[in-house]
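The two complexes that follow have chain A in common; it is paired with chain B in the first and with chain C in the second.
Up next is the complex of A and B:
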C-alpha cells in the first residue's frame, strides 16, 4: 500500500511538474494564432521527451550515475565541454525565464510590477534550494502544479464548437491569414518547449538524488510514460483555451495574464486564482529544477561532489554554481527584458542545442559497459534515431525561420 | 580539417554575418517594410484593446480580481506604447505608405486615449468607448494584412 501511494504520488508530481514557462508561452501563443492546429506537434514533442527520459532514467537506475557524468566519461572532456556549454547556457536562459514567470504570476495576484517580485522570488528560490529537502520541493510544487487542471476543465465550460476544434486539429496547415514560415516557427518553439534539455538532466540527476537502483526501473518508466503525457495534457489546456477564447477574435496572446484569462471566464475568481496558482507552482518548480540542473551539469562535468542529498558544506562548489546562476538570471531580468520575449528566445536557442543533449544520451544508452543487458532494444533505438533526425531538423531550421519571420511576427 | 582552415572558415562566416547584419540595418525602408511595421503596430494595438475589453467585461461580471485587471491594463498600456514607438521609428517611403500612416497614426492615439488606466476606471461606458477603436483597427488590419 505504501509502495502504491509512493508511485501514485510520483506520477502526480511528474504530471504537475511537467509544465513550465516555455510550455505556457508557446502553447498559448500557438492556440491564439493557429487554433489547435499544432496539437500534433505537442504529441510529437511529448513522445520525444518520453523516449529520451526513459533512456536517461534507465541509465541512471542501472548505473546509479547521472547521464551527464557518463557523457563526459564516455565521450571525453572535449565533447563533454561542448555539451556542457550548450546545455548550461540554455538552462541559464530557462532559469531566468522561469523566475520571470514566477514574478509575473505574483504580479497577477498583487497588481505590483513583476520587477519588484524578481529579487524576492530569487531569494526564496535560493533559500529553498539551500535548505529544503529535494523530495519535499519536488512534491510541493509538482502537486500544486496540478491546479492547472482548471484550464483543461475550462475547455468544456467555455462551450466551444468541438467539431470546429476537431477540424483545426486534423488540418496540418496554417489557417487563413497565417503563413508556412510562421507555422513552422511556432511548431519548432512548441517542440523545443516539450524537449527542453534541462528536463532529462534533471530527471536523471533527480534519480541519483532519490537513490534509484535497478529495482526502481519500473517506477522510473511509470513516471515517464504516465506522468509526462498527462502533464502534456495540462499544456494542451493552455493551447485549447487560447484557441477557444482568443483565436476567433484575432487576438495574439503575448502575456501570462492573457493565458490564464480563460479560466476566469469559465470559473470566475476561483478559476482564475487556481490558474495563477498553477502557473506560480509550475514556474517556481521549473525554476528550482533549472537552478539545480545548472549546478548538476557543471559539478558533474568537473567531477565535484554535488546534490541535495549531501550537506551544503560537502557540496560547496555545487551550491556556489546554483547561487551564481540565480544571480545571473536575476541580473538578466533586471535589465527589464520582457520575460515572455526571453522565453521565446530561450525556446528557439534551445531547439538549436537539442542535438548536443540528445545524441550523447543515445550513445550512452547503447553502451553495454554501463547498462549490461539493459541497453537500448531495437524499438528504443529506432525511436531514438527518428527523434534525433527531428531534433537535428529543428536545430538547423530554428535560427533561419526566426530571422525570416521576425520571431514569428 | 586543420585548425587554420577552421579559423579561416569561422572568419569568413563572421564576416558574412557582419555584412548581412549591416545591410539589413542600413537598408532604406520600402513599401513592404513599412506595411509590415504598420500591420505589426495595428495588431499589437488591437490585441491590447481587445484584451482590455475582455478583462473589463470579466471584471464587471465579478469574474476576475482588481489586481489582475490592473496588471492586464498595465500590460496593454505597455504594449500600446511599444507599438506607437515602433511605428514612429519608420518613415513612409512613398504616397501609399503616407496614406497608411495618416490612417493608423490617429487610431493609435485614440487607442491610447480610450484604454482605461486602472481597474477602478472600468465601467460600461469605458468599455463601450473601446469598441469603435477596436473595430477601426480590425478594419485596418483586414485592408493591409
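Up next is the complex of A and C:
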C-alpha cells in the first residue's frame, strides 16, 4: 500500500498540470470545435513532460537539491531572476485561476455565485498549506482527483462512432469550418498546459519534501511514468467526451458546467457528481501546487529556508510568500476577472517562458558535478533536444498566433 | 583540488549541519592577500552588490533598510564550511549564526503570531 501511495506526488503534479481549471475548459472547447483532432498534441505533451520531469526527479534524487535551486547556479543570478519573475507571474496567475475554479465547482453544486466562494476557498487553501502534512495533501487530492476517470468511462457509455473518432484523431488538420490559425492556437495552449513550468518545480521540490535520496530514483521514475500519462489521460477524457457530445451539434464549450455535462449524460446524477468532485479535487490540488510553487521558487532563488517539512517559524519568509501570493490571487479574482479566461492567457504566456525553464534543466541533467554517472544518457539527451526545439517553436509562435486569432476566436 | 570560486561556490545553496537552508553564496570575501576565501557573504545586500546598476542598488538599498543593525552583508566564516558538493555544508547549526533580518522580523511580527507556527508540518 505504501508503495502504491508513493506515486501520488506524480499524480497530483500531473493533475495540476493537465486538468486544472483552464485546461478543463480549453481542452473541452477544443473537443467541441475540432473533435479529437488534437489528440496528438496531448500525446506530444505527455512525452515531453515525462522527459523533463524524469530529468528533474533524477537531479533531485541524486543531488538532493530542487531543480530551481540549481538553475541560478548554472545560469547566474541575472538570468535566474528573469526566470524567477516569469515563472512566479505565471504561477500566481494560475493560482488565482485555480481558486476561481474551486469556487466555480462550488457554484455548480450550490448555485451561489462563485465570487462568494472565493474568500472561503482561499482561506481553506491557506489553512491546508499552513497545517496539513505534505504527504496527506498529496494523497487526498491526488487520489480524489482520479474521480475524473468517470469521463473516460463515459466515452464508452456514450456509444460514439469509434471509426469516426479514429478518423478525427489521425487527421492532422482542422475540420471544415475551422481555420489553421485557431487550430494552432488551441494546439499551443494544450501543449503549454502539458508542460507548465510549475509542474517540474513542484515535482522536484516535492521530492525534497519527501526527502528523496539516490535510493529513491526508482520511486521518482515510477511517479513520472505513471503519474503524468495518467494526468494526460484524464485530459483526454474531457477532449473526447466533448468531441462526442458537442462537436456533432455544433455547440462551443465555454463554461465548466458544459465540460462536465457528458458525465451526467452517461451516468446521470452520480456521473455528474463524480465529475464535479473530480474537478473540485483537481482544481484544489492545482491551487495547492501553484500556491506552494510560488513560495518554492522565490525561496529557492534567494536561498531562504522553505518547505512543509520545516516548522512555519523555521521558514517564515517562505510562508509569507505563500500567504501574500494567495492574497494577491484573491484580490485579482475579486476584480471579477473571468478565471477561465485568465488561464487561457496564462497558457499562452507560459508557452513564451517555457524555453527558460527547460534549457537549464537539460544543462543541469548533464552536469557530472551534481549527478556523477547518473547524467543523461544519449536517449534522454536526444529527446531533451527535440523537445527543446518544439518548446522554442511554440514560444515563438504563441503571441503572433494569439493576436492573429484574437484568443482563438 | 582547488576550488573555482565562480563555478563551485557562487550562487550555491548554504545548508547548516542539519540540512536546513541558511542562504545562498551571494558573494565571497577574499583574504587580504587574495589567496584564499575568508568568508561567504549571503543575503540580498551581497546579491544586489553583484548585480550592479539601478536594480542592484535598489536590492541592496531595500535589504539595508530592513537590516539597520549590520553595516555590511551577512558573513559566514569560511572556517565553518565542512564540505562543498551540490551545496555548501556548514559544520554548525544555523541557530548559532546571526539570523537574516527579514526572516527574524517576519517570524516575530507575522508568522510567529499565527497559531500553529511552531508545530512540525
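Operating definition for what follows: the second predicted complex is superposed on the first by the 390 of 409 C-alpha atoms of A that agree within 3 Å, B and C clash if a C-alpha of one lies under 4 Å from a C-alpha of the other, contacts with A are read in each partner's own complex, and residues count from 1 in each chain.
By our rule, contacts are C-beta pairs under 8 Å (C-beta built on N, C-alpha and C of every residue); 3 or more make two chains touch, one makes a residue touch a chain.
Every value quoted in this text rests on a predicted model; they were computed, and no experiment measured them.
Chemist: Comparing chain B against chain C, which has contacts with more of the residues in chain A?
Modeler: Touching more residues of chain A than the other partner does is C.
Chemist: Quick check for you: in the superposed arrangement, does A:111 touch first (chain B), second (chain C), both or neither?
Modeler: The first partner, chain B, only.
Chemist: Does the superposition put A:269 against chain B (first), chain C (second), both, or neither?
Modeler: first
Chemist: Output check: A:167 vs chain B and chain C. Expected answer is one of first, second, both, neither. What do you get?
Modeler: neither
Chemist: With both complexes overlaid on chain A, does A:214 touch chain B (first), chain C (second), both or neither?
Modeler: neither
Chemist: For A:177 in the superposed arrangement: first (chain B), second (chain C), both or neither?
Modeler: first
Chemist: After superposition on the shared chain, which partner residues are touched by A:261: those of chain B (first), chain C (second), both, or neither?
Modeler: In the superposition, A:261 touches chain B alone.
Chemist: Per the contact definition in the header, classify A:245: touching chain B only (first), chain C only (second), both, or neither.
Modeler: Once the two structures are laid over each other on A, A:245 reaches chain B alone.
Chemist: From the superposed pair, tell me which chain A residues show up as contacts to chain B and also as contacts to chain C.
Modeler: Of chain A, no residue contacts chain B in one complex and chain C in the other.
Chemist: Touching chain A in the complex: which residues of chain B?
Modeler: The contact residues of chain B facing chain A are 36, 40, 43, 46-47, 50-51, 54-55, 58, 62-68, 70-72, 74-75, 79, 138, 141, 145.
Chemist: Which bits of chain C are touching chain A when the two form their complex?
Modeler: Residue positions touching the partner: 8, 10-14, 20-24, 26, 42, 44, 47, 50-51, 85-87, 100, 102-103, 106-107, 110-112, 114, 116-121.
Chemist: What residues of chain A sit close enough to touch chain C in their complex?
Modeler: 63-65, 69-70, 72-73, 76-78, 80, 130-131, 133-134, 299, 302-314, 316-317, 319-320, 369-370
Chemist: Which positions of chain A touch chain B when the two form their complex?
Modeler: Residues of chain A touching chain B: 107-111, 113, 177, 245, 249-252, 254-255, 257-258, 261, 264-265, 268-269, 272-273, 276, 406, 409.
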